[in-house]
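Right, one structure below, let's go through it.
As written, the chains take the letters A, B, C and D, and residue 1 is the first residue of each chain.
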Amino acid sequence: MPNIGNLVQFEYYQQIFAPRPESDRLPVSFEDWEARAREKLPSAQYWYIAGAAGAGDTMRANRAAFDRWRIIPRMLRDVTERDLSITLFGRHLPFPVLLAPIGVQSIIHPDGECGAARAAASLGVPFIASTAATHPMEDIAQACGEVPHWYQLYWSKDPELTASFVRRAERAGYSAIVVTLDTPMMAWRERDLEHTYLPFLLGEGIGNYLTDPVFRSRLAKPPEQDKASAIALWTQVFGNPGLTWADLDWLRRHTRLPILLKGILHPDDALEALRHGVDGLIVSNHGGRQVDGAVAALDALVDIVRVVRGRVPVLMDSGIRRGADIVKALALGASAVLVGRPYAYGLAVAGEAGVRQVLRNLLADLDLTLALSGRRSVAELDPSVLALAP
Amino acid sequence: MPNIGNLVQFEYYQQIFAPRPESDRLPVSFEDWEARAREKLPSAQYWYIAGAAGAGDTMRANRAAFDRWRIIPRMLRDVTERDLSITLFGRHLPFPVLLAPIGVQSIIHPDGECGAARAAASLGVPFIASTAATHPMEDIAQACGEVPHWYQLYWSKDPELTASFVRRAERAGYSAIVVTLDTPMMAWRERDLEHTYLPFLLGEGIGNYLTDPVFRSRLAKPPEQDKASAIALWTQVFGNPGLTWADLDWLRRHTRLPILLKGILHPDDALEALRHGVDGLIVSNHGGRQVDGAVAALDALVDIVRVVRGRVPVLMDSGIRRGADIVKALALGASAVLVGRPYAYGLAVAGEAGVRQVLRNLLADLDLTLALSGRRSVAELDPSVLALAP
Amino acid sequence: MPNIGNLVQFEYYQQIFAPRPESDRLPVSFEDWEARAREKLPSAQYWYIAGAAGAGDTMRANRAAFDRWRIIPRMLRDVTERDLSITLFGRHLPFPVLLAPIGVQSIIHPDGECGAARAAASLGVPFIASTAATHPMEDIAQACGEVPHWYQLYWSKDPELTASFVRRAERAGYSAIVVTLDTPMMAWRERDLEHTYLPFLLGEGIGNYLTDPVFRSRLAKPPEQDKASAIALWTQVFGNPGLTWADLDWLRRHTRLPILLKGILHPDDALEALRHGVDGLIVSNHGGRQVDGAVAALDALVDIVRVVRGRVPVLMDSGIRRGADIVKALALGASAVLVGRPYAYGLAVAGEAGVRQVLRNLLADLDLTLALSGRRSVAELDPSVLALAP
Amino acid sequence: MPNIGNLVQFEYYQQIFAPRPESDRLPVSFEDWEARAREKLPSAQYWYIAGAAGAGDTMRANRAAFDRWRIIPRMLRDVTERDLSITLFGRHLPFPVLLAPIGVQSIIHPDGECGAARAAASLGVPFIASTAATHPMEDIAQACGEVPHWYQLYWSKDPELTASFVRRAERAGYSAIVVTLDTPMMAWRERDLEHTYLPFLLGEGIGNYLTDPVFRSRLAKPPEQDKASAIALWTQVFGNPGLTWADLDWLRRHTRLPILLKGILHPDDALEALRHGVDGLIVSNHGGRQVDGAVAALDALVDIVRVVRGRVPVLMDSGIRRGADIVKALALGASAVLVGRPYAYGLAVAGEAGVRQVLRNLLADLDLTLALSGRRSVAELDPSVLALAP
């Protein structure tokens, strides 16, 4: 089987002999995907994806943290065959990459989450379905097929609703629950306020609620007849700023699936999570979308990996743009990474096909960067791969 | 009572259902307010506000100092209710924010200081009235109503005039005297020299003088009849570069109000201030408007908080633009912050309503950043909130 | 004999009295040569030269590393006569500079490698002929005349072909073999993928293969009759990701020429190379074209020089743009430097004459920078010349 | 006597009542002077002044070094009267500022050096006349009147010519000899090569030679009759790359004037200078015009002041643009600073009046920055004024 890096390169260069029509050409670089998405989307939708909290300071810090680490490639190590696969919660994954949960994907393309999930599944990449997805979680699960998929939980103020979500996720075949901690409420996102754009209030991204038996039972009339009341209820139950560590024990009792906490940035919170028996951590600042001025995710990763000492997998997101970023995150101790905006731009530009292309490119880039760094597998990515820039 | 962050967000998003006319839309980000102010104001007036001393080096340093500190948010801490209030000099304030003294506000909008003070008061935010205000201090005090308001003193060469200002401030109900130390004379402000624009010489911003009985007693004719002579006298008495620490004792004898010193940047000056019995300090470089090349205010804050050891409140200004900046300043030991240019731009763009909007946005941003950082009150903001960027 | 710096300056200023026609004027600064090349070349060709792997991060890091070191010039040291010469592998070279191997030079100018080699030889500068050159190595060797020239080897999967290349290089008079280690496969070069431009698939840059008896013996029909099959074979045999250190011993047995390894970035690889008896090292990240995020070449040089301790010459490339860069590299322990993009831009703009002009300028700049730093010879360039910027 | 800062401010603001015609307005900021000079001068002339060696790296480093130091202003120190004066070589100077030697000033304005010298003298500021001045040193000396003026020596290969220059300088009333060490030859100045512009070859800036009896005695015909031969001779005798420390003793024997060495950047060269009995040092990298990549002058100053330990005055130039820069240089131990490009731009824009305005502005800025930093005199500028930026 050819390595994905060589395969994707080969396919690109095959176009020398069989050129695609100009209209069919997709961007290559992250910056070009972003620029194309900006052209294609209305301003409000574009900035809902591209924007960040406050001044965007954290979003920039995320990137700067990657730039401080330099790869020191090794030579003459026979990198003919590379193995990018990892094992997470007993499942073999072909790549150390998952698609991060992003809500309301249909505002950027009709293919929405199901399209993105199909694209991911076609490459064996797990999709993490957001509670705020446009499509109900059951449809997304189906789109993922046999490829592992995880369910991201926005923990509702209504415990029965939360329990219902978890129950449905289990039944739909999701193999892990990702609890997002950093969004008990929306942050101060200046671009969205400027556009007065909150898609949920327009009835977008609340499909999981509208189809939920508990949620429906709270409504006087079914949402098909009175959407406004359904939306109003949604605003009341969506998040839960009152959650504390003790609530995790409640969740633990409600599911046998692995539980991961997403949004951990402080080592002490990582240790607290271990004490509560969580199965994994996702170091993340939500792509800079929640706390403006927050620590860069990669910097937090280093501190958290140090205290976790391998007891549970530590994943990370926020700032992954290219193969070298993944190499750096894994070398610093991440078990896998989640990718967000890159695939959202792919979706915006070309729907499912766009997501697939973005992902194939990223994996090819990762494969080649790994090989050219003189490593053959994810296991060979340890801190010796890196040096801090002077 | 809803938290201000959620409330302001709610009001923004209500516009989805009841959109405001385009002409009625106000900016959200600091940069957009600034840009709109620039469009709206004549160049000389805009630069009088936006400009700084010399090359603007200190103004940039003020911002860079904030960027060096990163917030490390904590999770699962029940942030349903936040309390942003503080107590300063025995008064309860709903927010750790005051409006910095800015002179001649009528050059940017007819609402002037009274408009800005009303906007602040509507949110319970103290207004600090500048000696160089357009409106007499008595009118501003009235605009503040029951909300605490402080009087900023430019200490005149004429001691009787200074005493008169302090006396009037006490009578008008100001509850603290803020002595600005860093402006015994105007700095080298290149933009203003370029525009040859000094509003005071045009009779702007000297309202407190023209209405003062001592000042009037120094004039041969009342200023209504001979404004030129009044302005000439103003140039002679405005500031006092001859002041020394000993003069503080004189002021101490002339008022029972708390005295704060504004413009302290060196720890030794902070200690000297304590020896002279001042009641509070405001660490400030006047927004970069006085000494080009001066230390960043946030960096000075750290050194000064260390030596003051809680004996008096230490406030700070110079560079506060967003909620995260306030979180950082408070975490590093500031008791409260003063906001300057942001509200001046609000005033320029939309008068009183603009100031109110700028302030509400800033407080909402602060509230949400606090909550999403896992803190419920100002008391929970201590150095553990932060890490230096690597 | 005049020093080259004074000579070139003199010739420039002679134009005051005998001005060249505008159309005849060549750029001076690196940035201007690059800009002119960009105007002149089609986009695909330009970016094939100017582009880098991934985000171009390594290419920028290469430059930033030079900026961190500052020269401390010494005064009053009689710098009337400078000697820029060095001795490498027993050969006297007039300058510590070689032309780096660059493939497919005919895509940028019909003069191609032979033109570049003639330009270099006219100044006594060694040319390193790339395996991927357009012109067969025998022609390039002839263009170099008596000036030393080295052969750069892309080690083929086909050992007989590799052996044939080495044999031909020896016969053609090359005096060293440079094995490029960092390119067992093409990196993820986004600009080339965007343009779907890989010149080799168009039959460019495989002249050394098409003329090779071993390569030809592998083909059913001679390439003159069936180029497509020849290209297809090329794609199969070009690189060899399976190489290991042990393979060096095979090469050692196949040639008595000095062997240099190009692409060494880790001190441990440098030591391993010494254990395998190589004769020299070239610290290089291929101008940022292979591993995005890789360590800056100059930073790697420092670490490698430290462990090699003078046992073999350590050359470097990746980022050399001006005389000061060469001074810094030599002061940090490089025996000589290789120059890449600068001469490629010269070739693009004006063919052989452009390469010559770029090179003369660079050497003049080096000579003057050396003299004005108070040094008379390459031997006087040691770490005392430099200080790290604070 | 009013302090210059207040005086200049006053004069600017007087224009509110007596506005100057637009055409009469001069720039204020360094950047605006530079921009105006660029508009006014032909490209070759502009870049002869504004350009630097190589990539301009040193010129940027000069500025960055100032930005690393922050002033910590002190309050309440009675700064009513400031004294900017210093004593150098027994002469009282009203300001710690001199005009740096700049050659060929008539290429930028017909007022040339005499105009610049008159402007400086009108403020009591010493002018340092360049050997490469357009006007003969005797005329410049006359323009300086009673104000001290120094002679800058480009040490010729012809010792009798050098001796003649020194003799003439003494007779003309110059009170110090400044030997520029860093220019035994012209550096690689890319902009000048691009324009093929070397004013000396056009007969500019060699007035001191053409009027010199020794120089004339070397010519077959007087330069009035055969300028080409005079220029040719100039190119042969101008600089002297063969100078060594021993030659200083020769100079010492030829003059009783204080000798300063300009261009010292290494502490060991400073110590060597002391051993040879020089009377002062000028730390300088020639404004970045000689060694691209050289250490920033301010960084070199710190190291040199440390070893000189007050035994001779240490002056500095290279990067001084505003008052804060002078405060920083003096606080770090400089006895005085030289200003170059700023006054050249003044000359380009408005001749003598432009130089005077640039200088008055700079001194006003210095005075105000000193006062607002809480210092009353140059003597109060010591390292306690500064902190390194974190």
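Please note the rule applied: a contact is a pair of C-beta atoms (placed from the backbone, for glycine too) under 8 Å apart; a residue touches a chain by one contact, two chains touch by 3 or more.
The structure presented is a predicted model; accordingly, all values stated were derived computationally and were not measured.
Homomeric contact chain A/chain C is classed as different-residue, with under half of its interface positions used by both copies.
Rotation angle relating chain C to chain D: 90°, from a CA superposition, given to the nearest 5. Summarising the inter-chain layout, the chain whose CA centre lies farthest from the centre of chain B is C. The geometric centre of chain A is 42 Å away from that of chain B, both derived from CA atoms. Once the centre of each chain is set as its mean CA position, chain B and chain C turn out to be 60 Å apart.
Listed for chain A are no residues, as none touches two or more other chains.
Applying the touch definition to all chain combinations yields A-B, A-C, B-D, C-D.
Contact residues on chain D toward chain C in their complex (touch as defined above): 53-55, 57, 61, 65, 68, 181-188, 190-191, 193-194, 196-198, 201-202, 241-245, 247-248, 261, 263-266, 268-269, 272, 285, 290-296, 299-300. Considering their complex, residues 5-6, 9, 12-13, 15-17, 19, 27-30, 32, 66-67, 69-80, 321-325, 327-328, 361, 364-365, 368-369, 371-373, 387, 389-390 of chain A touch chain C.
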